[in-house]
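These are the structures in question, set out in turn.
Two complexes follow with chain A in common, the first pairing it with chain B and the second with chain C.
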Partner chain A sequence: MSEGSPHLVVRGVSKRYGPTTVLDHIDLTIRRGELVTLLGPSGCGKTTLLRAIAGLAQPDTGKVELAGRDITNVPPHKRNVGVVFQSYALFPHLTVAGNVAFGLKVRGMARREIDIAVDRALSLVKLGHLASRRISALSGGQQQRVALARAIAVEPDVLLFDEALSALDRKLREEMQVELRRLLQDVKATAIFVTHDQDEALTMSDRVAVMNKGRIEQLAEPRELYLRPASLFALNFVGLSTRISGTVLAADNGKVDVETKVGRLSALGNFQAGSPVIVAARPEQLRLGEQGESNSAAGRVRSVVFQGSRTLVEVDAGAGESLLAELSGRDGAIPRVHDEIRLSWPVTETFAFPMEAQA
Partner chain B sequence: MIRAAIIVCWVMAIGLALFLIAPLLVIAAASFSPTPVFDLPLTGASTRWYGKIGRLDGFWPSLLLSLEIALLSTAISLVCGTLAAIAIARGKLPGAGIFATALVSPLMMPGLVLGIALLQGFRAIGFTAPWATLLVAHLVITLPYVARTMISGLARFDFTLIEAARTLGCTYPGSVLRVMVPALAPSFLIAGIFSFLASFDNYPVSIFLADVRTKTLPIRMLQYIEEAPDPTLAALSTLILAGTVILLFVSDRAVGLHRMAGTSD
Partner chain C sequence: MTEATLPAPVAAPAVDRERLTAIGFVLPSFLIIAGVFALPLVLLLGVSYVDANGLSFANYKRLLGTPYYLWVIWNSLRLGLLTTLIAFLISYPAAFALARARGPLRSLLLATLFLPLAASVIVKAFAWTILLRSDGIVNETLIALGIIEDPIRMIFTETALIVGAVNIFLPFMILPIYAIVAQLDPRYAEAAATLGASPVVTFFRVILPLTLPGIIAGVALVFSLSVSAYVVPTLLIGEKYPTLATTIAKAYLLAREPGFGAAAGVVLLAIAIAVVALSARLSREPK
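After this line comes the complex of A and B, so read on.
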């Protein structure tokens, strides 16, 4: 199958546990060689979706197709998937090499071929020198690599990562994110990551599926996800934002004028006049001072947080509303707490979301 | 001050060990006595009592019966006890705690009471075949040992390992055999040894269920000591002792005695 064609297809998959709907008609198509993240808070269904793909959870309805084959009713041991678990799930009674060889032995591969495949997998994760170690003698980062080597060794059709990096400390995790992405691209793997960490999602994936309450709210490339969030939930879950509630006054061809407590604002969106909405913008779009043809609001600086290359400024705009601006040194003087300032931002970077969708 | 405490501890430990081991040493010494009546100091050594063990009246059938019952009850307990422990340890069973307590409760029951209760219970339902009643009774004795050991072993077992094995190409039963059994091998060994020993040397329960032709080794030994108290019995005891020591030594090599004491790793 060629690169870019549908490789993993999830069609209308639903799953209920008792009265709780964990997956609500999920549709997802992943291309060959693509790295996709399922991002969402705990309980959003992302792990259940991963388990349904691995065959460890049986969906109530819907189909799963992998590499052109319907695997909905195929047991996990015949699916040819590789899973890296959050706890790594390494076999304590086997050595590092024994763990990596496990899937190959089960497949009845010849001993010599197994040795070659194990060597290759271990050198991919740079653990060749630890092949004969016991699992208990490894650090967390090393165990993570063994789990990865074990999953890669069987040359699965898709690699599934269930919060695989979350047990590592922050610095190691950030290093692994970059290294893992490079490694997976090198071996041309198709992979799905499950995580609640937005940085991990943005760093590692070609596309991110934001999940909420058993549904995929948005499936988009990281950049698009950040710049054009499809829902208030996606906006809130990835990155920071300024959010102001208001009522639509007039609508015109994809643009709306909204009456808010901080003044009249314009935003992108299709609503009928009178609809209650949330108007939102990313903090880096907010600039000091007035600019023509843009939204603006004034207020008193509540806090200033210096973060190196940028400074986060929170402004109390009155009436319970606040503005969040991310200013860089190039924007001129950084205001101080209690300063009265005016901030403005482009209408084309202002979004309106329906009020009732607020999570 | 601390030094003194350490000395006191050591003296107590050695004293206690001596107190426990000394009778066993006396038995071992007595088994080599050249005379039928054991007397200190020894006036020489003889192994003739060991030769007499095999000629004891009814010895071989009793030994075989005890081994049979001990091995069978241990094997059945290992399977049933492990399955029960899985149900309890996975925690999805309603009332798992009650179930676990019930399973282990025969451990806390005085053997005599258990023996009488089983005898009367079996009689009441017309279940009187001696061999079969002995096996069932010994299951009651051995199951708690297996269940207790396996519950604590499984509590530390990560069931994700089974899922990992399945995604790597193992069937469910294959995953249990290839991953759970080896990972829990120490627990199985410990459970098996304690279960076997508990059955093999059980007297108070067996005595109520045995008949003239179906006598376990401990019952037979007590009978010998009443009939003819000569060093043959000491020789037999010494052999059993040696067997137990070898068993414990081998399993210590395999898994470590500290794990048998339940202090885990």
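After this line comes the complex of A and C, so read on.
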């Protein structure tokens, strides 16, 4: 199968638990070798979708195809998927090597081949020296690597990670994100990560699916997701933003003029006049002072948070609205709390979203 | 140099006092255990070498060299092994059912396990004699249903003995297995499945090994209880099925042969210790 062709296809998958719709007609196509993250808050259905792909949860409707095979009704042990669980679920009665060999043994592989495959998998995760250790003698980071080696050893058609890094401490997690991504690209694995951590999603994936209430709100590359969020939810969930509510005054060819409590603003979007909308912009687009042909608003500085390479400035624009600007030190003077300032930002980086989508 | 050596004489008594305090705390419980458990065992062992002619191995020779007493030992072992095996076969699935049950059902099931423990073994054994006798409820029901015409002889058979023993000792098998099963992370089975293991393979390679500690605890408990049971065989089968326990009682109460009773007690103890030691060995974590 060539690179770029559909490898994993989820088509119209729904799942209900009692009165709750956990998955609402999910469609998702993943190419061979692609790393995709399902990103969303707890209860958005991302783990259920992962379990449906693994065969651990049976969808009520829809189909799942993997490597050209319809696996909708195939039990998990015949799907050839690899899962790394949040709790790792390493078998405590087996050694490190015994855990990695488990999937190969139950496949009836010859002993010598198993030894070779286990060595290879353990050296990939740099744990060859711990092969004969018991699981309880390993650190959290080492257990994470064993779980990964165990899943990779069977050469699955797709690797599924269920919040697999969330049990590690922050520093180790950030190191593992980079290392894991490199490793998965080296072995040309197709992988799906489930996480609620936006940094992990942006670091690890070729594409990110933002999930909310059982639906995929947006499926896009990390950069596009950040720069062109498709919904208010996607905007809120990934990165920071300034958000101001208002009413559309006039619409013209993908651009709208919006009357807000902080003045008239222009934004990208298609709405009818009179529609209630939220106008939003990323904080790094906001600059000190007035610029021609751009949106602007004034207010009093409420807080200044220094974060190293950048400084976050929150401005009270009156009428309950606030502005969030991310200023770099090179922009000259950083305002101080209680200063009266004016901020401006380009119309082409201003989005409008329908008001009712705000949950 | 002098400064370095100075603290030593001060520190030494402090350490001693600490150790003395520790000994002071441990000593009472040590004495109780020694006096109540260890000393009687030593006495039992000593008495077992005493017969009418003084010190000798005669009691053991009689016990291990007479076909009748070998049969008695076999009866005890058979009672222990059969009870343990059948109790295990019932308890293992029961423990999973108990662990799966939720809310009031689980409380109800646990209560049905715990409540019988509050009743005396004698009461429960008598209850079985009433249930199983010729005009008992089991025979009456079978006759009423037309399954049999004449009452089956059930009381004072080995079947009655094993049924009663299994019933009475069952909680001691279910509870330790249940304690392990309830803690078992369902992710283990899921991980095994995604690695390609069928449900049967998952059971034998993952579930069974992980629940082994509970099985071993239950087996050790039920075996040592049933191999040494006295009331159950006495009431449910009687004279024709002598066990080590009934032999010990007879030696002390009727024959007035404390040496012989002690020797039988030592043999019974040796059997129980062998089983418990074997279980402890099996349940040790693999290196």
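Here are some notes:
Please note the rule applied: the second predicted complex is superposed on the first by the 359 of 359 C-alpha atoms of A that agree within 3 Å, B and C clash if a C-alpha of one lies under 4 Å from a C-alpha of the other, contacts with A are read in each partner's own complex, and residues count from 1 in each chain.
We adopt the following convention: a residue touches a chain if its C-beta (ideal position, glycine included) is under 8 Å from a C-beta of that chain, and two chains touch if they have at least 3 such contacts.
None of these values were measured; they are calculated from a predicted model.
After superposition on chain A, the partners chain B and chain C collide with one another.
Of the two partner chains, chain C is the only one touched by A:Arg134; chain B is not.
Contacts of A:Pro92 after superposition on the shared chain: both chain B and chain C are touched.
Looking at the shared chain after the overlay, A:Pro59 reaches neither chain B nor chain C. Within the superposed three-chain model, A:Pro222 lies out of touch with both chain B and chain C [touch as defined at top]. Considering which of chain B and chain C touches more of chain A, the answer is C. When the two structures are aligned on the shared chain, A:Pro75 is found in touch with chain B and with chain C. Once the two complexes are overlaid on the shared chain, A:Gly299 sits clear of chain B and of chain C alike. Looking at the shared chain after the overlay, A:Val83 reaches both chain B and chain C. Overlap of the chain B and chain C contact sets on chain A: residues 54-56, 75-79, 81-83, 85, 87, 89-93, 102-103, 106-107, 150, 154. Residues of chain B touching chain A in their complex: 158, 160-161, 163-171, 174, 178-179, 182-183, 185. Looking at the complex, you find that chain A touches chain C at residues 54-56, 75-83, 85, 87, 89-95, 102-103, 106-107, 134, 136, 150-151, 154.
The touching residues of chain C, when paired with chain A in their complex, are 185, 187-188, 190-199, 201-202, 205-206, 209-210, 212, 285-287. Those residues of chain A whose C-beta lies close enough to touch chain B in the complex are 54-56, 75-79, 81-83, 85, 87, 89-93, 102-103, 106-107, 150, 154.
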